Amino acid sequence: MNDADDVLGQVTSPVLAEFAPKPRSGVLRSIWKDPTGRSGLIMLVFVLFVILIGPVIFPFDSQSFGSSAASILQPPSRAHWMGTTELGQDVFRQFLVGGRISLYVGLSATLIAMVLGAGLGLVSGYYAGWRDTVLMRITDFFLVLPTLPLIIVLAALFGQSILVTSLVIGMTSWPQTARIIRSQVLSLRERPLVQRVRSLGAGDLRIMRKHILPKVAPLILANLALVLSGAVLAQAALAFLGLGDPVQVSWGTTLHNAFNSGAMSQGAWWYVMTPGAGIVVMVLAFSLVGHSLDRILNPLLRGDR
Amino acid sequence: MSLRYLAKKLATLAVTLYVTVSFNFLLFHVLPGSPVQLLARSGHFDAAARAQLVKLFGLNHPLIIQYFIYLKNMLHGDLGFSYVYRQPVTSVLGGAIGNTLLLVGTATLVTIIVGVWLGVMAASRAHSLTDATITITSLGLWSMPDFFTGMILIFICGVWTHVLPISGLVTPGLVTGTWGHYADIGRHLVLPALTLTLVNAAEFSLISRNTLVDVMVEDYMLTARAKGLSRRVIVWRHALRNATLPIVTATALYVGMILGGAIQVEAVFSWPGMGLLIYNAVVQRDYPVLEAGFLIFAVAVIATNFISDLLYQVLDPRVRRT
Amino acid sequence: MSLLEIDDLSVDYRIGSQMLRAVDHVSLRVERGEAVGIVGESGCGKTSLGLSIPFLLPTNAAISSGTVTLAGHELVGMSERELNRLRWTSVAFVFQGAMNALNPVQRVDRQILEAITAHDPRVERDVANARVLELLDLVGIAPARSKSYPHEFSGGMRQRAMIAMALACRPSLLIADEPTTALDVISQAQILALLSTLRRSEDLSVLMISHDLAAIKRVCDRIVVMYAGIMVEMGTTEEVLGRHGRPAAAAHPYTLALIEAHPDLHGERLLAQGLPGHPPDLSKPIVGCRFADRCPSVMPICRTEAPPTVTLSAGHVAVCHLAAKGAR
């Protein structure tokens, strides 16, 4: 990792400012160059492969149980690569299928959070004035409410389907995004270019779309990865607490079963470590990419000082 | 800090509390499928209990009256009636708040100390191997769900070895004096507190490190170097003093997260606190308890934010205005 | 023996996978009681040169050759502890943009006190506090304001506080990096007057780094002109910049361009001329004169051979082919 690049992001003398590396086109390439981002991307590819291809190669039949007592809670073996559950089911196959739900809920929740958060941030920052004050008061209120407890309460009240879970997680993740986007938009609207276009009579929506959105896009992207990792964690926690969709098998649900079936006191570590590792790798992959993006894109934003 | 500022802050606090309580009412009493209404109408309760419920919540009256009754009850410290325990919620809460405070308090203290210390280490050796190791380990730990970390610790300390108890507050049937009792609680506290600390110290160390790195490249840091001050003085007196401000702000946000973690950890370790209470309430659909639990958590976060705001005023001379 | 002797100094920066030489074999001297100004545009290496003296360079920079001798002490290669003993007591630094150069959460008197006690731990509290007030008085800050925080000072006051702090340990050399940038014109004049006065009253040598020729003219006895990492001209301010009744005798085209770019307030109303183009990319090897691309008097030899150092008169040198031609 080249520390010089980092030092340059924070200039201490005018000499260095001139020699700062120019931004590369191709965000993906930049992420690949950064060791943090690269590990994240590799993990991501691995996870996606497991989730998307895995179940095709190793289909999981939720209806097939172990036939005899001997096949319950078996440690990893050649027959069952990751052992069996208390019902004699193959843990490995369950792992392959479980990832899909986690990712799906994570993505839908993030989409909702992004649309809400970025949209509100955009409107709030662009119009400023009373609209900003009102929206920010609302945002501040939601920021204060503790996230997981709120998610739990909403899930308990409104049901456990995937749709509800996604909505509930999405509705609690938007405040952070809104704040970040808003402050960037606020500073952008003071730029001479925007002022000029406004005075020429360009419509608000057009300005937002053509001038502000492209500049805010990198910020949204960096935030998206981090929100996504948070959403996956939230879904896992919900499922573990028994608030996930009871029909679908997700990694959190598997852990819920592992815990509640007494498999832990029997020392069935494979039952716990497999889905758990899956969650960790998926979340870590997204956070690494998110942090890397943040570092790549941030100096550019800060450089506008 | 001026009196007027304090007054303004208190007013904001009151408004926020009011809005939170009303929001709670909205969730639990107004929205379609509101559990209170449903349960009262279902055959769950006998006539006497149902009559009591109706009277307590004023379910015969229009919504707006129910709202005022609700507010009145809140001000009197009446948090409702548990469906499951057939007792007022306040007596169900019992020692739960204290237990959660013990757990979360211990974890927070250790988290701040360890997190900041690691952050300082990583930042003062920024971009070195130490820094990279600490940063990557922190990111890795942050990616682990609280409950999963707990389960791993249970395996290591409770199943494969038996060094520490893995559930409850005390050992059932243990007869010992006061000190023995405290020691017993202490032993039970270790694993749950450790779980919470591991995940959150990681986040804290990341925040501290990044804040410090930002501070380290400020101009006044170069001035301190130029003055010929020792490295230790530079880091602790100049850098940290300035980094404390964003860290204090981060702590406020972090409280919301640790409460979410507390629910998971208490569920995993059967620690009899607010988190376990909420978890059981969800499982048993005991909505009054759930409602009260959520309210208490929300108020805790609001109060912490309020205190950290005031703290920031005291710490940052740039913000102090007459 | 000169107070400060910089001999053949080079400073390299590691940027990404490239090595960049910001200061290329520069030599200069500062005598006791002298004020020397280093002038050049942004990126010419003057700040790096200044920072390298008390060795305050960032971690990705290194002194790759040369020596820096201060009052007989060889600074390059000294341990951090030894350097810390010399910092502030022998050489003090006043930074540009005192906006942020003072710790925002510490009172001003506390910061000056720290400088004193750090180098004399056994000093008595009263004596130290008295010295703090004495220093502030020296720069014209009333004792009533000593307990203020930096953000409560105006830009000019902050710069003056920085100067007061710099004098705390009675250094022999004061390095001032762009002391007047980001200040309004009145404050600029005050600071420059202060520096001139203090030079004499505190028996100080000053090394002033600036892109403002007028400031250097006001304060400094000698001037060093830098471009793209090397020194291109050096001489007394009087000779190089001229004064009333005496035209500038600058020989290097870059110096002449700098002078043209600074409108003379007292003299004729000349049009300020900018200089088109920009400095060369120092990450690539340079053939010939670094100024060739922008030089209005460029000759073929400038692009192929590095220019020689030409002595024009006592103490006045220029690194230029044109000057070499003229001198013959």
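Structural remarks
First chain written, first letter: the chains are A, B and C, and each begins at residue 1.
Definition applied: a residue touches a chain if its C-beta (ideal position, glycine included) is under 8 Å from a C-beta of that chain, and two chains touch if they have at least 3 such contacts.
Fair warning: this is a prediction, and the values are worked out from it, not measured in the lab.
On a Cα centroid basis, the chain most remote from chain A in this structure is C. Two chains share more touching C-beta pairs than any other pair, namely A-B. Chain centres here are Cα averages; for chain B and chain C they lie 54 Å apart. Here the spacing of chain A and chain B, counted between their Cα centres, is 22 Å. Each of the following residues of chain A touches two or more other chains: 3, 7, 12. Residue positions of chain B touching 2 or more other chains: 127, 219, 222. Residue positions of chain C touching 2 or more other chains: 59. Residues 54, 56, 59, 80, 83-89, 92-93, 95, 97, 99-106, 114-115, 118-119, 149, 151, 162, 165 of chain C are the ones that touch chain B when the two sit in their complex.
Touching chain A in their complex are the following residues of chain B: 16, 19-20, 23, 27-28, 31, 33, 35, 126-127, 132, 136, 139-140, 142-148, 151-152, 154-155, 159-160, 214, 217, 219, 222, 253, 255-257, 259-261, 263-264, 267-268, 278-279, 282-283, 285, 287, 290-291, 293-294, 297-298, 300-302, 305. Of all residues in chain B, only 127, 218-220, 222-231, 233, 238, 241-242, 315-318 touch chain C in the complex they form.
Within the complex formed with chain B, the residues of chain A that make contact are 1, 3, 6-7, 10, 12, 36, 141, 143-150, 152-154, 156-158, 229, 233, 236-237, 240-243, 252, 255, 258-259, 264-265, 267, 269, 272-273, 276, 279-280, 283-284, 287-288, 291.
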